[in-house]
Amino acid sequence: MMDFVLGHYNYWIAIFLMMVGFYTVISRGNLVKKIIGLNIFQVSVFLLYISISTVQGGAAPIITEGVALYSNPLPHVLILTAIVVGVATTALGLALVVRIKEAYGTIEEDEIHEQDHSL
Amino acid sequence: MGIFTLLGKAMIIDVLSWICLLGGGLSGIIGAIGIHRFPDFYSRQHAAGITDTLCAMLILLGLGLQAGMSLAAFKLALIFIFLFFTSPTASHVLANAAMHGGLKPRQCNAIGEGKS
Amino acid sequence: MIDLVINISLLTFLAITAVAIVRMTNLFAIIMLFGMFSLLTAALFVVMDAVDVAFTEAAVGAGISTVLMITTLALTKDQDEKHPGCHRPWLPLAVVIVTGAALVYGTLDIPAFGDPDAPAQTHVAPYYLEKSIPETGVPNVVTSVLASYRGFDTLGEIVVVFTAGIAVLLLIGGRHSTSKNKKNKREENDA
Amino acid sequence: MTHNLILRVIAKFLIPLIIVFALYVQFHGDFGPGGGFQAGVILSAAIILYTLVFGLDAAEQIIPPTILRLFASMGVLLYIGVGVITIFLGGNYLDYSVLGSTQIAGQHLGILLVELGVGISVFSVMLIIFFSFAGRGKT
Amino acid sequence: MFIAVSLMILVTLGLILARALMGPTIYDRIAAINMFGTKIVLLIASFAFLSGRTDLLDIALVYVLINFIAVVAVLRLVEHGDFHSSGKGDDY
């Protein structure tokens, strides 16, 4: 039982974080907070992939003399590029927030809807 | 001279790095307790600043003793230098900003809060 | 053993930080905590042997991401959420709990953390680990896979980053922005 | 923040070290952790620190935005160009083995060039994004 | 020996995290973030020796630099409120 819990703790925390990010995105009205929620969601996916790639007792995938067991390099490659792309897309989202602020004068979703309806 | 031959060089280095590492870890914990116990921002900054620098320096020194003369020791020295410059700078700038931002140090005199 | 202890405590800190991020309303504090969240994630990646990923996350997540969010905050000048929470929090909460329960049910069949015999470890990873030195002469397998074996992928990623840069430039690259608009708006409001 | 003398002195001391470290990460990526993505981000972090301490105008005098845009496209073009060259030399697209006399030499050269392209591109895109954000609202 | 240090740093991290969550003023939080970054650097350095892979020290080095930049950026916002002024006018 204990082994089972310890062996799945990583996945559960990743799912917990994913749900926290998801909740932030769907329940909060502030656009900056929504983007932070998306970022938390993203980090949880990274965490899940890296957890899958880990090998107990393995070393980082840099070939050295006298080490036999390495962790899986493929998810690392995937996530490495995903992080950089993630920050680029986050920047794009933040740029949109800035433009919305300039156009509507607010970054709260409710107020933006009100202004749209009143037109 | 006798103690050197008795224990050997490796042993002495081990003991020294034990002392450094444990001292560093302890001062870290003390600093962390300090930022909970002190009443206002500036005194907390004092606790954080002093023990933070000491903790980092001692731990890096202890690790460096274990590393011996190698690339790792060079990198540790680099980290040491960076921390040595950035950590107090950050503290200074932070306190400066707090002061200009209008955060007043807590005035504690005997009549006011001293007795309560 | 100590790996596992560090791993689990860092994960717990991560969960606590995430919950605190959701519950806070001051955006400034949220961004600060998000920087801390990134630092914790990067430390976790180090513990899980993903050295290159930790490197990237440390530089990108804690550095650039935080700085960009702070600049956004400086531009929007809204430091507080005005409507913390929504009117009916039960619907999103129910959706989240149901989805989470389904996902947790899905994890019950996944091989345990760090299992060397898991299908993910036995499929193509050994090939790259064996062939990297004889075929490319690069000891860091992540680099050889990134630049050589999966060069196409990386090309795609670079194009995405480039496109995002162009899009940001198009959206907010121009300098002539707020002051004039604001003045016009204020005049309209006054009239 | 320019009035802050200590910060200015420390920044002047740190920025060259950060740039040297970024170059180390770029070219040591084959043997240790690191590579183009990380080096680009660290290098842009150095310029960001400069901007934060000395102001946007000073930073744009060092690296004008036009040059940054040029660099961003140059990085991507370098990557694509390596692929095209390998086609001309008789290999497949992005098959670096034909670049050198032996397979290993070719792969080394190819990976070096590609990582350089990635580094330049990421560096300039990050700075473009940051300058856009920092300069917004400036008259 | 490295195990003991790692555990001590973990305890410290927990305490600092509590301060960052409670911190009544913004400056308290910034100070906590700064301390947190330093402690993470130390954790990674000691983990590098614990696992015998001193390559990891590169990452610790990045952390020191990046943490400093983040703190400077935050303080810039707190002091000036924007990012494009050169700040020459206000020499207080």
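When the chains are written out, they are named A, B, C, D and E in that same order, and each has its own residue count from 1.
Assume a residue touches a chain if its C-beta (ideal position, glycine included) is under 8 Å from a C-beta of that chain, and two chains touch if they have at least 3 such contacts.
Note that the structure is a prediction, hence the values are computed from the model and not measured.
Undergrad: Which chains end up grouped together through touches if chain A is skipped?
TA: So the chains, chain A excluded, remain one piece.
Undergrad: Touching both chain A and chain E, which chains are there?
TA: Intersection of chain A and chain E contact lists gives C, D.
Undergrad: Please flag the chain sitting at the greatest distance from chain C, going by CA centroids.
TA: So the chain farthest away from chain C turns out to be B.
Undergrad: Given the two chain pairs B-D and C-D, which is bridged by the higher number of C-beta pairs in contact?
TA: Comparing B-D with C-D, the pair joined by more C-beta contacts is C-D.
Undergrad: Among the chains here, which has the CA centroid at the largest distance from chain A's centroid?
TA: Following the centroid criterion, the farthest chain would be B.
Undergrad: Could you put a whole-Å number on the gap between the CA centroids of chain A and chain C?
TA: Comparing mean C-alpha positions, chain C is 4 Å from chain A.
Undergrad: Roughly how many whole angstrom separate the Cα centroids of chain A and chain D?
TA: Between these chains, centre-to-centre, one finds 25 Å.
Undergrad: Chain B to chain C: how many Å between their CA centres?
TA: Between these chains, centre-to-centre, one finds 31 Å.
Undergrad: Report the inter-chain centroid distance for chain C and chain E in whole angstrom, where each centroid is the mean of the CA atoms.
TA: 18
Undergrad: What residues in chain D touch two or more of the other chains?
TA: Answer for chain D, listing residues that touch two or more other chains: 1, 7, 14, 25, 31-35, 37-38, 41-42, 45, 48, 122, 125-126, 129, 132-138.
Undergrad: Could you list which residues of chain A touch at least two other chains?
TA: 59-60, 62, 80-81, 84, 87-88, 91, 94-95, 98 - these are the residues of chain A that touch more than one other chain.
Undergrad: List, in ascending order, every residue of chain C touching at least 2 other chains.
TA: Within chain C, the residues that touch at least two other chains are 51-52, 54-56, 59-60, 63-64, 67-68, 71-73, 75, 139-140, 142, 146, 154, 161, 164-165, 168, 171-172, 177-178.
Undergrad: How do the chains pair up in terms of touching? List each pair.
TA: Here the touching pairs of chains are A-C, A-D, A-E, B-D, B-E, C-D, C-E, D-E.
Undergrad: Quick check: in the complex, which residue numbers of chain A touch chain C?
TA: Per the touch definition, chain A meets chain C at residues 3-4, 6-13, 15-24, 26-30, 32-33, 35-37, 39-40, 43, 46-47, 50-64, 69-77, 79-81, 83-92, 94-99, 101-102, 105-108, 110-111.
Undergrad: Along chain C, where are the residues that touch chain A in the complex?
TA: 4, 7-8, 11-12, 14-15, 18-19, 21-22, 27, 30-31, 34, 37-38, 41, 44-45, 48-53, 56-57, 60-61, 64-65, 68-69, 72-73, 75-76, 78, 81-86, 89, 92-93, 95-97, 99-100, 103-104, 107-108, 110, 112-116, 118, 120-121, 124-125, 128-129, 132-133, 139-142, 145-146, 150, 153-154, 157, 160-161, 164-165, 167-168, 171-172, 177-178, 181, 185
Undergrad: Write out the stretch or stretches of chain D touching chain E in their complex.
TA: For chain D paired with chain E, touching residues are 1-3, 7, 14, 18, 21, 25, 32-34, 38, 42, 45, 48-49, 51-58, 133-138.
Undergrad: Please output the residues of chain D touching chain C within their complex, sorted ascending.
TA: On the chain D side, the touching residues are 25, 29-38, 41-42, 44-45, 48, 69, 72-73, 75-76, 79-80, 83, 93-94, 96, 103-104, 107-108, 110-111, 114-115, 117-118, 121-122, 124-126, 128-130, 132-139.
Undergrad: Given the complex with chain E, which residues does chain B contribute to the contact?
TA: Checking each residue of chain B against chain E gives 14, 17-18, 21-22, 24-26, 28-29, 31-33, 35-36, 41, 44-45, 48, 52, 55-56, 59-60, 62-63, 66-67, 70-72, 75-76, 78-79, 82-83, 86-87, 89-91, 93-94, 97-98, 100-101, 103.
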